[in-house]
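The structures considered in this document are given below.
Below are two complexes that have chain A in common, paired first with chain B and then with chain C.
The block that comes next holds the complex of A and B.
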């Protein structure tokens, strides 16, 4: 398992390095159209071929990795921070605040995410840059995704609140904020970390779903979701190189899961 | 009238000879119909459903382009081409058992022409001297009086659904081959055979031959083809060029290219003065020089070659080169000429600074192009246009929206900058463009539903279109419509890009399909089609 974990760390590290500076690794810009040679199979100049309008698939995959891999963790971080604050508050305060936050979480969980995202996407200003568009998409994912981890955090805080060490701290006159920061936070942090690792692949896949519907990251900016649209239908049987983004996505998510399974998140 | 283009012979499909018991014809719609009201249908999905469920007085045969009797058994047109008298078919009944009479026709038109309805179809019955007036003479004769001579007037009646005048509430019972049985929003529309349908085949057997039609709403074209291959879908009315080539290589007999259509794909800028856009942006879009520059900067040949894989023709205007009768002679597609484009922009006060195009006030030229989500072809066209315009220093964002949101923006809120869409043309006659080119039309793309024309050239187009609609003389009409095409080239309110070919997929299970270049390409005579048994396991 240690070997697998090391491989996962190595893979994620390599992908992160490529994603952080795609200009170094990509032979072409993601939006350059080689119109004389559209939809070509892999060759020395274009290792994954060119897409329907003649763009270098490998370069687009490298740039798309940056978009998906940097923004998905950012969105996951946002939702986990919100979940930590709201879930912690609900668990700690109880009563009306608890009921209100739980009701809000239930409401968010019952909302049809995809339709909500479509509605929000349709209401957004049109003339925004592709970079702003992708940021907004992931921001929405982050804002909408707080409810599930918040419920987990709330349950953990409620359990911790009745534990002996918290009782002892209170008995010794520990103030609420100190209790929160010094006693509860270290115990809740692993749970939030687990939620973070769970959320990252979910957000990547959600963006992929939006991309498959043509509503994800705006052209010409590539993302894994947008690149996976080439797999629609069964064209990959004749052109297996189209599977490259799917394989990368599977490897990255698999690596996240490997890391996750080795953490001890028990309270 | 000479046919505008050569129609290819339909393939002979012999595998399925008889219709299986309880046979169902399975088709797809690419979007949820915006409305099922037959007089408000403006999108292709709604028109497809309407085509199968509504009865019309005269139907234009999609194969021969000749008008054929439907609910009107015969008709006669006055010598001055202002009046048409319909003799209605006797014995026709609505699904509720009530008899079809002349009053139903008159009341249908009264509802259609009600200004409160805002029907896009009603625009085709308008001339500069008013609208058509209908009156019943007895139970089986209807007289339609046009205020001015109108050429090919009988073809106009192909698109008007005749419904029961006695019915008080929508949906009014229709007289088509099928009835709407069930609508599952976003999933499917199920049609069942109309038991009261009047038409019989040559052997005297009741039509339609299939018991039901199912329209599955399938935005994803790849999945649509996948389902076709699995036997879940029988006909695909419009394949993308990529999928067509794929199907043609795998199963050549099922992929049919019926040649150039009258349809067009085009781009336009929002030129409505009431649009909620910054004044500087409106000024760009209202400048003919700016629009002309954009047109010159787009490489149409590349769009045909790359996006359509050769299954399209560069557009010179709204009239397809296939429509030789009405295309203005000498009007060639705009050449790809970025240098000429830059000259137009410079003349308009634009300047290129460090790769960024700026207007006279120094505002960088950036705008968004909206198009419907799910259409790879349009997305690829938009991406190529984006790169072409980037060479002029224009920064273009591409936004794909779900179809209802897009329609909402381009027809109601007008909160958009540019739009890339297509137009389906059923008839080659210029009257077909009335509901698009008249400034008062709700489908007038660049500035819909104007109370009065906001520009002098739009006023001239209005005058010319109404004049051609009000004349029976071909030469006069041609002259008017030629001038309309000239104005559209000079002012470029719509940047016509390409005319696609009709690319269809026909399952060997379906017998009798004759693919045409006119919408609907595959199921225009659905009542005559037969469907054989499906593969095992497909329900």
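The block that comes next holds the complex of A and C.
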């Protein structure tokens, strides 16, 4: 198991390094079109061939990795910050504020995650620039993903509030803000960090699903979901290299699963 | 009885809140007060003015939502512009296909997921079986439902079967962890030492003890199935509610989405409510 975990860390590290600077690794830009050679099979110049408009598939996969792999943590960070604030507030304040935040979290959790995303995505403009579609997709993930971690944070804060060390700090006259910053924050931070790592693979998978449904990152910017759309109407048995984004996705999510065993990635 | 009323009250509150929230989203979404028909140059100034006045009348969220609820009591859910049909008839047409799919998906998913989890929990020395089944579940969990749907479509699999493949690993993983924990309990070890048969240990000790968590898993599997039905139906071209929701999202048919939101909220909250009630009954029976 230790070896498998080390391999998983190595793989995630390698993919992250490639994703951080795709310009170094990709032979071409993601939108460069070689119109004389569209839809070619793999060759030395284009290891994964070219797509219908003559773009290098491998280069697009490398750039797509940047979009999928770097923006998912950004969205997870956003949802964890929101969860920390709202969950912490609910746990600390109690009463009406607690009930309101819990009811809002219940409302968010009562709808299937993908359905919730679909509704919100439909309410936002669909015909937008690629950069705006990236921002919309990941802001949406970040903003809508607060409910589950917020419940965990709330439960932790409520438990901490009645713990002995908080009681002692209060008895010694510790002020609420100091109590929050010096006593509660260090204890809640590991919980939020765990929620962050759980959210990252979920967001990667969600972006892929949205991309495959045509509601994710807009062309010509590549993402794993957008690249997998190429599978539509085409048999992968005749062109198995089209499955390269799926294999990379399975390896990355599988690595996260190894590192975060016992967690579920429901999409 | 009091508990049932409280749960029903909570359910109605959440459904109304979901409806109102989606109505607010629809009202304040970009372009909500613009009608595409305004681009039609053959329309006279009077017709355009009428259309704008109608849109302006519809801009009050509260009034609109109350009118919607009033119409709902008469079975009128509004009109879908993208499908050019009443929403009630669209839902009635598509619901049977989705219900069939969900039935097959949940039934098959539970049968396979729980069926594979029981030996993994029961036979602790069968580590190879446990590793192989966990690895297979892990692989399927690493792929989005849309991709699994596409791969199954190529293999000529029906959409209900795709849901089985999507749900089974999720159910397996939760159920396996619960069963491993339950089989490790002291009283189970004593029962084994006394020579009680495995099926008896399973039915009398392990399953009743894990029942509350299993019921919670059942409720969340309903939510998972509804969520997975959207990409599965969209990719497999199945004429169900999931595909209708996807089409409504791509066509920005927001009234249809509001209705589907309320329907999905009712289904998921009802599943959670029933499982909570069954779990509390099971827990009180154990005590």
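Heads up, the rule we're going with is that the second predicted complex is superposed on the first by the 238 of 267 C-alpha atoms of A that agree within 3 Å, B and C clash if a C-alpha of one lies under 4 Å from a C-alpha of the other, contacts with A are read in each partner's own complex, and residues count from 1 in each chain.
The rule we apply is simple: contacts are C-beta pairs under 8 Å (C-beta built on N, C-alpha and C of every residue); 3 or more make two chains touch, one makes a residue touch a chain.
This structure is a prediction, so every number in the text was calculated from the model and none was measured.
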Which superposed partner A:130 touches (first chain B, second chain C, both, neither): first
Which of chain B and chain C A:220 touches, first, second, both or neither: first
Chain B versus chain C as contact partner of A:31, first or second or both or neither: first
Partner chain in contact with A:42 - chain B first, chain C second, else both or neither: neither
Which superposed partner A:190 touches (first chain B, second chain C, both, neither): neither
Per-residue contact with chain A, leading partner among chain C and chain B: C
Touching partner for A:118 - first (chain B), second (chain C), both, neither: both
Touching partner for A:110 - first (chain B), second (chain C), both, neither: second
Overlap of chain C and chain B interfaces on chain A (superposed complexes): 118, 121-122, 126, 213-215, 232, 235
Residues on chain A engaged by chain B in the complex (per definition of touch): 31, 33, 35, 38, 52-54, 118, 121-122, 126-130, 133, 213-215, 218-220, 229, 232-235
Chain C-touching residues of chain A, taken from the complex the two chains share: 103, 106-107, 110-115, 118-126, 205-206, 208-209, 212-215, 225, 228, 231-232, 235-237, 246, 249-251, 253-254, 257-258, 262, 264-267
For the chain B and chain A complex, residues of the former touching the latter: 219-223, 225-226, 242-243, 246, 302, 306-307, 366-368, 370, 373-376, 379-380, 382-384, 386-387, 395, 397-402, 405, 415-417
Touching residues on chain C, where the partner in the complex is chain A: 13-14, 17-18, 21-22, 25-26, 29-31, 138-139, 141-147, 150-151, 154, 170, 173-174, 177, 223-224, 226-228, 230-231, 234-235, 245-246, 248-250, 252-254, 257, 260-261, 264-265, 268-269, 272
